[in-house]
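Could you have a look at this structure, given as structure tokens, before my questions?
As written, the chain order gives the labels A, B, C, D, E and F, with residue 1 at the start of each chain.
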Amino acid sequence: MKLIVAYIQPEKLNAVKKALFENDVHKMSVTNALGCGEQMGYHESYRGTDIEVNLLKKVRLEIAVNKEYVKKTIGAICEGAKTGKIGDGKIFVMDLVECVRIRTGETGYDSIG
Amino acid sequence: MKTWFKYMIVAGVALAFLAGAGEVMAEEAAVEYSTADIALYTANNIWMMVSIFLVFIMHLGFATVESGLTRAKNTVNILFKNTAIVSIGLLTYTLIGFNLMYPGDSWLFGKVLGFAGMGLSCPEGAAGGIAYAGGNYSYWTDFLFQGMFAATSATIVSGAVAERIKLGPFLIFSAIYVMLVYPFVGSWKWGGGWLAEMGFHDFAGSTLVHSVGGWAALAGIILLGPRLGKYVNGTVKPIMGHNMPLLTIGAFLLWLGWFGFNGGSVLSADPTAVPYVLTTTSLAAAAGIMGAMIASWTIQKKPDLSMVLNGCLAGLVGITAGADILSVRVAVLVGLICGAIAVVSVMTFDRIRIDDPVGATTVHLVCGILGTLFVGVFANGTVVGEGADAYTISLGVQLVGIASYAVVCFPVAFLIFKGLKSTVGIRVSEDEELKGLDIGEHGMEAYSGFQIFTSQ
Amino acid sequence: MKTWFKYMIVAGVALAFLAGAGEVMAEEAAVEYSTADIALYTANNIWMMVSIFLVFIMHLGFATVESGLTRAKNTVNILFKNTAIVSIGLLTYTLIGFNLMYPGDSWLFGKVLGFAGMGLSCPEGAAGGIAYAGGNYSYWTDFLFQGMFAATSATIVSGAVAERIKLGPFLIFSAIYVMLVYPFVGSWKWGGGWLAEMGFHDFAGSTLVHSVGGWAALAGIILLGPRLGKYVNGTVKPIMGHNMPLLTIGAFLLWLGWFGFNGGSVLSADPTAVPYVLTTTSLAAAAGIMGAMIASWTIQKKPDLSMVLNGCLAGLVGITAGADILSVRVAVLVGLICGAIAVVSVMTFDRIRIDDPVGATTVHLVCGILGTLFVGVFANGTVVGEGADAYTISLGVQLVGIASYAVVCFPVAFLIFKGLKSTVGIRVSEDEELKGLDIGEHGMEAYSGFQIFTSQ
Amino acid sequence: MKTWFKYMIVAGVALAFLAGAGEVMAEEAAVEYSTADIALYTANNIWMMVSIFLVFIMHLGFATVESGLTRAKNTVNILFKNTAIVSIGLLTYTLIGFNLMYPGDSWLFGKVLGFAGMGLSCPEGAAGGIAYAGGNYSYWTDFLFQGMFAATSATIVSGAVAERIKLGPFLIFSAIYVMLVYPFVGSWKWGGGWLAEMGFHDFAGSTLVHSVGGWAALAGIILLGPRLGKYVNGTVKPIMGHNMPLLTIGAFLLWLGWFGFNGGSVLSADPTAVPYVLTTTSLAAAAGIMGAMIASWTIQKKPDLSMVLNGCLAGLVGITAGADILSVRVAVLVGLICGAIAVVSVMTFDRIRIDDPVGATTVHLVCGILGTLFVGVFANGTVVGEGADAYTISLGVQLVGIASYAVVCFPVAFLIFKGLKSTVGIRVSEDEELKGLDIGEHGMEAYSGFQIFTSQ
Amino acid sequence: MKLIVAYIQPEKLNAVKKALFENDVHKMSVTNALGCGEQMGYHESYRGTDIEVNLLKKVRLEIAVNKEYVKKTIGAICEGAKTGKIGDGKIFVMDLVECVRIRTGETGYDSIG
Amino acid sequence: MKLIVAYIQPEKLNAVKKALFENDVHKMSVTNALGCGEQMGYHESYRGTDIEVNLLKKVRLEIAVNKEYVKKTIGAICEGAKTGKIGDGKIFVMDLVECVRIRTGETGYDSIG
């Protein structure tokens, strides 16, 4: 089991969700985040004082999947989120030692989906 | 940096000065009026001043309704536009608008176009005071009341084209529209022009203000196209307004303002006529809420606050043309119909890809037309006014009036927007639209520190 | 889909029409009045119109106070209720309420219940104008002022039962209460009924408006029970209001509105009486803030903004019964006491499991009673009015008045709510309460896009 | 728990009572006035009452502007301060202020300091009514209008010292300033003191209200020092305001209020003079927006909403001294200049480490001085008034006026703040400043449930 | 050392906290999240246009614990969050390689609690 | 590759960012969180009812780094965030199995920075 964390552009969330659904990944968790990466920030100016904003708005996805879904999931995220422009985002994959479905107490393989 | 735009502003301001917003301070006239005359005049004038305040606060109403119904990322932009329009409206009305709308005897071309000169000039003595309008208000009261009205028509456009129009071009459009178009067509009726002579009845401006703004809104929407993400693969996606309390504040302030908009349009403090107008206005607003509530609950299954508040405004626009002559019962009926139709109209515009984030075309155009029509339907044959100025209301003339505003305002607004589109462009870049116009046009956020999802 | 509810609305609206909100337009009367008479009448009437606007804006004040003091997830619902109530209030007052509250000579049953017929009918000519109320205001002004007042009593309930009441049943309750109960009991004093004859003094409605609303609020709270999560294992858990700026806007708007509520209750623009009322009203409000500030700082250690604003409103409700006759010094005292008591009362109600999210029972019921009592305490023996209408204020009569409203309003409100509870139910499901009524009742959110913790 | 502070409040309130806010109710006088006289008087008085309401609502305007321009974590605190000031202002004005500012003949020391006794006492009969001010308004109207004005000067300070000042000491400062300093220096001109005799012209208070508040704001800022995080390693860091809709609501409400602030300062409903003042006021506001827009767009590249709204207020403050006598053209010019200068001034104060979160020193002090100066520049030689009271405006006297307020208000405010600083302290702890004053001073949050980044 | 991530219903946060405290787990971090799972979304309608909301409000807990606490922690979360209804949530467990207490610089076992 | 998660005091974000930049760590993701730890909460009181707030505002950093950066990153965070007072925060380190740059499809070592 793996835990996949992805940072994408906020406006790509719907496209990514669609791509994931099409790849049979239906469960995920989403938070909003600020990201600092290759993408240049932009300048805001407030009352005449300049400020460089380099924490840009991003959406963070967290998806737990069984092994055989890892590739599909990564692929789907890339498919939905890729524009080729700086700022498209990153995907991180970690090992998941255990998973529990609170409702039933199920663990492991079955509890993920 | 849009240097050209700043130069235009500077040029405009300079022009204003050269043209000379020159006025002559009134000196006391020789004619004697009794204390009673003065007291009545003073009272009437107070009423008109109160109406000025009420119409003024409508601008805040528009600003809050429009920002409430759009997304957080475009809030600064909308507030900015509404603030700028008040400024542009008042300054251009000072410079040109007032004398274009109320040419007096200075008609240049039939009773279609007149102009009484640049700037303001208050007639000396009583002529600018007690004698100015039969003891109902003074010159300055007149100017300010009409000036506050004027900016309204441009404000209507603001909401309809929100979330995608470039700031500079929008301001240019507004300046032209409020400086030239609104007063020009307004003179046809309120300036004593050809429609006034025909007996067209539009008490406080269902057509002269609301439709005039509504036609421009429609032209803008068509040329801009819908917001990104509104229509995806042929289906309509809702883009939710971000702040319902702001919307509600705005709707109540607009109703409040309407007391001055309609009540002030009596142009005196007549203790029978004014409260009657306030009553029909209030009942139409209340019935607009009710009509929209029934329609929304029926069609949408759950009653939608934004629809109900649109219904309230729809009732207000609907009654505006006939608030003085329609009966209480008809006022309720007008409100109910406009309120219910508002719900259907908002949904219909959405379906036909007229993407109007705040429902301005529904409220101001559709219900402006309906309200003007209802005068012809429910008050056909009613004689308005006395003596030489009396006229008989007829459905036919109402239709002529509606049509004449349609055939001038829509094309003219379309042309102005088209001109701007093919020169400086009117739509922000896709990237800016996604990030929000607050960052794009103003480099700042409306709600600094708040965590806001901008996935849409 | 609550079909039954929509049908009830439709039926009500239809009834309104059949009943005929028929009015006769005033025609010019034959009697001649001097310009001076007309000028004074015009001025008086302007004042009353201004009061209408001020009372109107109180509805926005209530809407914002109530939404500010509740959670973000129930905001749309509260705004909706307040909007709907204005509509229901005005329409039912047109249909029945006005003539039930001011029956004139049409008493049906002692001086306890009277009814002057359905709909509005303005007396012709001067009888509906300058002669209608001794040159103080015209028929239409009277109707609209009283109509705006009427909706207030139902609005008071809205906040107290917030965050858990079903929308439909609440609207039905409001309609019945504002259409029948408020005008019925109001006629006892303001309609010239039995309490007026006894010499009960309630200048602008500490009892007639505020307690009447407050009793209904109490009945609603008792039958609904506290919000989920308010009382956990016997301890009181605070449920924080979500928007203090909204609350503050509301409190200031209510104070503003009170200038018309109390000032307009003079029923003329008397340049001595009205500003005196405005002064006592303002000083009571200021002292209410001060009293609550001292109490809150002492008891809670840190001064609580929501308490201080409740204290302001408490001072206003407290002075309402005697704003015309209490001295400036007493007005300050009344404000201080009501403000301080508000703090204690809010905390007490919380402890005795009367879960009132906005403190409506404290502000309107407790301080409404206190204010009415204070008139008896501080102005015992004062003679009010002149000639035949003169009466002497006595603590005894004040107590009778307070009691008579208590024994009618509370049981009646209780019965209506009970009836609704045992038929259609009055409380939303636990699941809906957790998710919020905005989603449950309206299918929309108040702050789309904002990240809001809804763990409570 | 700051026991000492509560005792001071209690003491103050008690003092108020002992001193006796005693008034004598007006009884009808023997002199007969014609209905026409009464009608005119009634109309005039209505206008002044409307002005009271408008000035009152400015307090909500200040509250919302100031909270909009500061951070979410300090919102409750700012709203609290503005609420408390209205209370403190009205109560102390009742007790002492009114009679200190308008001593009548009770001058104690030259025409520099006078005092007509504690509390309010309305002259009996017509002397407190129609004869009180030449039939323009009654005693109570006068008191309430001036009382609403008074609190304004303290409110100006509130925004400038926001986000770091301790609540208790701020309230003490405000009480002293509004109770003693403002009325004392105000008497010099409006109370008929030495500056009035010299022919100093300050129509509605560019200097008497706005600079008086502005000087105190400056003193407070200097003694408090900048907010944490504003100046880091010698560079200026912006600290963004958290709510632009709130700011916009506030700015519009202030403009609205200014109609009463300036319009009411005519002290009668004169149908020529009042609307003229409303016109110059509005055009200066509109031009202020325009001036700031041009300046902001040029300097900052993107037009900043907060600057433009500051520009609007700058225009309003600028015109306040001469709204009655400057021409329309000059009014526009004054607005343009003040608006443009506001932008530069805000940026300059920032650079010279005067950390004023809301731009109060710019708007009220800089533009207050400018406005007073412009009267001398553009109206030099103009004769104001008639008969014995007539005086000629001169730039020299205007400079004397400006300077005399500077040399009294700034040092006095500085001393009061200094005294507080060296006794109870005026600045919250660093830890509290980081967490926010809402938690620190009030133990509550403004936006419960909302996710807000407080990394700044 | 393990890092436990749990998604629960927002209204269960207090109950979960209580259960954790009773099991001697006193430290945790909380964020709000949107989740997409078995639970059906609901329909919102805005101005007559329907929208299916399938990202529901959730609360995300992140708790670092030493080995012997893993079971207790999972148990406590389940105890506090379980209703048996769809939407109860999931628990994910990952290996924690290192932990540092910033204040003291402590690492490993001692730094967790 | 490691994934470093750190909870710090909100007002330390800028200092931490600066320290990270100086250590050549330029990419990171930030969310706001509520934390419950050794730090005592504070008391709020709303309308006379007391409430103990023990979920305090924190900022959560998530930084993916290559092995040789782990120490530097932890050091930089400590440097920027440390005051020695309770509440300074924690750092958690996990193994990162994979990393993907969405824009280019790069994986592994190169995709991190």
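By our rule, a contact is a pair of C-beta atoms (placed from the backbone, for glycine too) under 8 Å apart; a residue touches a chain by one contact, two chains touch by 3 or more.
What you see is a predicted model; the values in this text were computed from it and never measured.
Trainee: Please identify each chain that touches chain B as well as chain D.
Mentor: A, C
Trainee: Just to be sure I understand: going only through chains that touch, what's the smallest number of steps from chain B to chain F?
Mentor: Minimum number of steps from chain B to chain F: 2.
Trainee: Count the C-beta pairs in contact for B-E and for C-D, then report the pair with the higher count.
Mentor: More contacting C-beta pairs are found at C-D.
Trainee: Could you work out which pair in A-D, D-F or B-E copies the interface of C-E, where over half of the contact pairs coincide by residue number?
Mentor: Matching pair: D-F.
Trainee: Between chain D and chain E, what's the gap in Å when you average each chain's C-alpha atoms?
Mentor: Computed value for the inter-centroid distance: 52 Å.
Trainee: Roughly how many whole angstrom separate the Cα centroids of chain A and chain E?
Mentor: Taking the average C-alpha coordinate of chain A and of chain E, the gap between them is 18 Å.
Trainee: Between chain A and chain B, what is the gap in Å from one C-alpha centre to the other?
Mentor: For chain A versus chain B, the centre distance works out to 46 Å.
Trainee: Give me the residue numbers in chain F that touch at least two other chains, ranges are fine.
Mentor: 31-32, 44-46, 94-95
Trainee: At least two partner chains per residue is the criterion; list those residues in chain D.
Mentor: 34-36, 39-40, 42-43, 46, 50, 240-241, 243, 249, 300-302, 304, 306, 443-445, 447, 450-454, 456
Trainee: Okay, what are all the chain pairs that touch?
Mentor: By the stated definition, chains touch in these pairs: A-B, A-D, A-E, A-F, B-C, B-D, B-E, C-D, C-E, C-F, D-F, E-F.
Trainee: Under the definition above, what is the set of chain A residues touching chain F in their complex?
Mentor: 2, 5-8, 31-38, 55, 58, 60, 74, 77-78, 81-95
Trainee: Going by the contact rule set out above, which residues of chain C touch chain E in the complex?
Mentor: 229, 434-435, 439, 443-445, 451-456
Trainee: Which chain A residues qualify as touching chain B in the complex?
Mentor: 10-11, 13-14, 32, 42-46, 57, 59
Trainee: Within the complex, which stretch of chain B touches chain E?
Mentor: Residues in contact with chain E: 236-238, 240-241, 299-302, 304, 306-307, 343, 346-347, 350, 359.
Trainee: Which residues, counting only chain C, touch chain B once they are in their complex?
Mentor: Going through chain C, the ones touching chain B are 1-2, 5-6, 9-10, 13, 16-17, 20-23, 25-26, 34-36, 38-43, 45-46, 49-50, 52-53, 56-57, 59-60, 63-64, 67, 75-76, 79-80, 82-84, 86-91, 94, 119-120, 128-130, 137-141, 143-144, 147, 167, 243, 246, 249, 441-451.
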